[in-house]
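These are the structures in question, set out in turn.
One chain, chain A, links the two complexes that follow: it is found with chain B in the first and with chain C in the second.
Right, the complex of A and B next:
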């Protein structure tokens, strides 16, 4: 079966500097994939290139295939047909992602009117149904509300309703809960996961929160320095990371119990993320890696191409790692 | 590291409906006074279609230059015996007509131009804005004289001249306000729903800058009244015998040594209406944008 989204060798140049390069992955139908990485690792740029929404002046190279169509080569008009209908997006900041001067109901109905041949009243009814699905209380009254009358959590529910409106094949959620309170975060995440499942959509969840990926996503892609450095089923990757960066990332998650008992120092990864264009030659992570050897200096580490299985819904994708000395191997001395 | 599925996903009962604090809309004194003046002018202009105390164009030379209240002429008569009140009432009609159409022309052309500049950026923006600079640099009076020479003086030449002169002002305001809105997250989100720039501008940007445009339009209206009076004064606007405020001023000028008060009433009408529209503009701005009102 064709994957819902096939990305091959995607790259984004910011000026002369590659901010994203060599990104390849598949998202199988109705699978939930997490994309994790630090700020500036290229997560959001990857998402925006898939949507064709890169900021003015940036452009993406490579292949993004959905439903047999090469998205990066479509005209503005053609991509608009897919955008908002087959592939939708949930933005990070619910406080600003809704038009302040439009009623909630009108905004949800608008998306339906753009992509579906429905009358005004049908769209209204469907919009109300969507608001009910995202478990907003009293959807009838909420239809007439303006965004400023809702809390952050309520607005994010509306944004999710917007993303689900046309039963998309793929929803890209860019840090959907980062701006919310922790208690609200959990609710919104479970809601998103359940609704994505109900609607039979796939999900690409972008986050820097490992716990979020662990609870929502079946598969995970780890990004560092504009490249994917490790991927595979979430459980396997988190249980036994192969890339030293993934390992460091997982070790850096503070544990509440341990913190209270021992006031232990938090584990960190030595050094900090280099600025754009200041990544080392060879392996992008080598200057912070304690397993780096001569080999890592010159040769860039490449992630193997996704195999056929990675496009299948009911099979876990094989693990991939971009490292000369993954954790399951010995370092040659 | 996992989230239990057991809890209720429905939005919590007492989820605080955030009311973006303290943004109470205030109906200020500006708004009330401005609206009252403007409504009075509009009412007077409408009334003049149905009724005026006397026929505004009837010439009664023997009754010329009479004072206030003479034989029912509430504001007296002018140099050829026109009833001044009737003339002012009909003049209001012309003034409003010119104002509405001039501002209309400016909005219909200026808003799309400004929006185009903000949406496309790059060379499109540069050419639109430089073109509007060129128009802006060209004095409106000169434009009116040019148009009058080409098409003959009259109310339509005046309207077009004033309207064209205001296009750059509207285009600039639209572009500035739109640029800010185009940067917002909800516009990026709007693009993600699957429509192009034109649709997003009309449906999402325009409603967000409408308050700025409404205020700009009222202020331009006040300026248009002045401009119309100036053009009529120069003989390029409303043509006699059709009454206009500017036209009455020219006539009064000749008789200034004999009866200075002749210039008083049309002058007062112009002044009051300009003040009225300016107050209305300020009032609407304060009403629509309380934050801005506190700053100024």
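Right, the complex of A and C next:
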């Protein structure tokens, strides 16, 4: 089966510097995939390239295929037909996604009017139904509200309603709950997870928060220095990471877990994330890695390559790692 | 001032009793609007309480003379979430870090102190003549920490000190705070919404909701056996690294009533265990009979433990 999104060898140049390089992955239908990484890992640039929303002056190379079409080769007009309909986005700050001078109901109805051949009254009915689905209390009254009259959590619900309006194949959510309080975050995450499932959509959730991915996503992609360095089913990757960076990242997270002793110190990763253009040649992580050898002067490939199986919804994707000395191997002495 | 008409009184922080023991790390946990930052400002003497008092080593802050206030400013320092906003972009790092020594008129070898401070926060001497924008977020937070430590404070208040930092930088900053606390024998007050961070670094924790303290106690016990329904809601809402189910509280984004008109428990409208008396009678923070050192402000706590544990 054809995956909902097939990304091959995606790269983004910032000036002469590759900020994203050799990114390849598949998203199968109705799968929830987390994309994690720290600042400067290239996760947001990856998402923006898929959507054709890179800032002025940046362009993406490689292949991004959805429904048999090469997204990177489409004209602005063609990509606009897909964006907001087949592939939609939810951003961190809901205010930037909403029109401040337009009533909530009209905004949701407008999306339906643009992408679907529906009458004004039909669109309105559908909009109300969507606001009900995102569990906005008293949706009838909320239809007439302006964004500023809602709380941050309620606004993010409206953005999710917009994203779901056309039953998209894929929703890309970039740090959708980072600005929210912890109890509101839980609501939005549960809502997103459940509605994505109800609408039969896939989800690409971009976040720096590993625990958010663990709670929402079946699969995970870990980025560092513009590359995907590890991927696979979330539970497997988090239980036994193969890449030393994934391992370091997981160990740096303080945990509240019954039965697990509180550590007096958190594990840390040596050094700090280099600035753009200052990553080492070969493996981008080798200057911070205690497993690095001479072999790491060559850039490792993320293996195995995505196969036909990675397009299947009901099969877990294979575990992939871009490392010559993954944690399940011995370092040659 | 009548421009805004009659303004109702809002209790941002209300009836808060908190004791911070010397040498401890105390966490104040709460969501937006819970009053945790207002509480930090009150502790620092940056704001004055409309009623009640804040005392440091037995002295009421409001009754201190000018000289005593200046001395107190040296003893209590604060660091904020966003080091970009708290570091003057036009000043060099050396000037920034030694600024409290000048403004508090602390004598001594400022240059030697500067070198010592840079060393203890893990920054090199070359930082002295550079500007804040030349540093990463984590390094800027180190600059802010060095400045706060300059007057040799006894109490360090940290208001969301790691919320803006990446996972790996956050771990290093938390380790640094712990090292500094040991080295300088600091009392640390951490204000944060991040329960995992609190659990990691604090000895004692105070949970705030709508300006009130709803539960206090030793952090490990309190997180393992929360007594107040709000504390439970908070803990249920944390996404866990090892999977586990997220529990969403459907009413989480309905703000609590904090104006003067409200009676009863501020959490009543969201509480699944609510009873009639919760709407009329405000619960007082009281020590738990079965767990000395722990307190909760809930009518149901201790009344019917089995019911709560369900």
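Observations on the structure shown:
Please note the rule applied: the second predicted complex is superposed on the first by the 317 of 333 C-alpha atoms of A that agree within 3 Å, B and C clash if a C-alpha of one lies under 4 Å from a C-alpha of the other, contacts with A are read in each partner's own complex, and residues count from 1 in each chain.
Throughout what follows, a residue touches a chain if its C-beta (ideal position, glycine included) is under 8 Å from a C-beta of that chain, and two chains touch if they have at least 3 such contacts.
What you see is a predicted model; the values in this text were computed from it and never measured.
In the superposition on chain A, A:84 makes contact with chain B only, while chain C stays out of contact range. Of the two partner chains placed by the overlay, only chain B lies in contact with A:162; chain C stays clear of it. Legend: residue contacts after superposition of the two complexes on their common chain; A:39 is shown touching chain C, with no touch to chain B.
Applying the stated contact rule after C-alpha superposition, one finds that A:96 touches chain B and leaves chain C untouched. Using the contact criterion defined above for the overlaid structures, shared-chain residue A:135 touches chain B and also reaches chain C. When the two structures are aligned on the shared chain, A:215 is found in touch with chain B and with chain C. By the touch criterion defined above, A:189 reaches both chain B and chain C. In the superposition on chain A, contact of A:151 is made with both chain B and chain C.
Of the two partner chains placed around the shared chain by superposition, chain B is the only one that A:110 touches, whereas chain C remains out of contact. Shared contact residues of chain A, touching chain B in one structure and chain C in the other: 135, 151-154, 186-187, 189-191, 210-211, 214-215, 253. Within the complex, the chain A residues that touch chain C are 38-39, 135, 151-154, 181-187, 189-191, 208-212, 214-216, 235, 238-239, 248-250, 252-258, 262-269, 272-273. By the touch rule above, chain A contacts chain B in their complex via residues 51, 53, 56, 76-77, 80-85, 88-89, 91, 93, 96-102, 110-111, 114-115, 135-137, 148-154, 157, 159, 162, 186-187, 189-191, 194, 210-211, 214-215, 253. Against chain A, in their complex, chain C makes its touches with residues 31-32, 136-138, 166-172, 174-175, 178, 193-197, 199-201, 220, 223-224, 233-250, 252-253, 255.
Contact residues of chain B toward chain A in the complex are 1-3, 5, 7, 9-13, 15-20, 121, 184-186, 188-196, 203-204, 207-208, 210.
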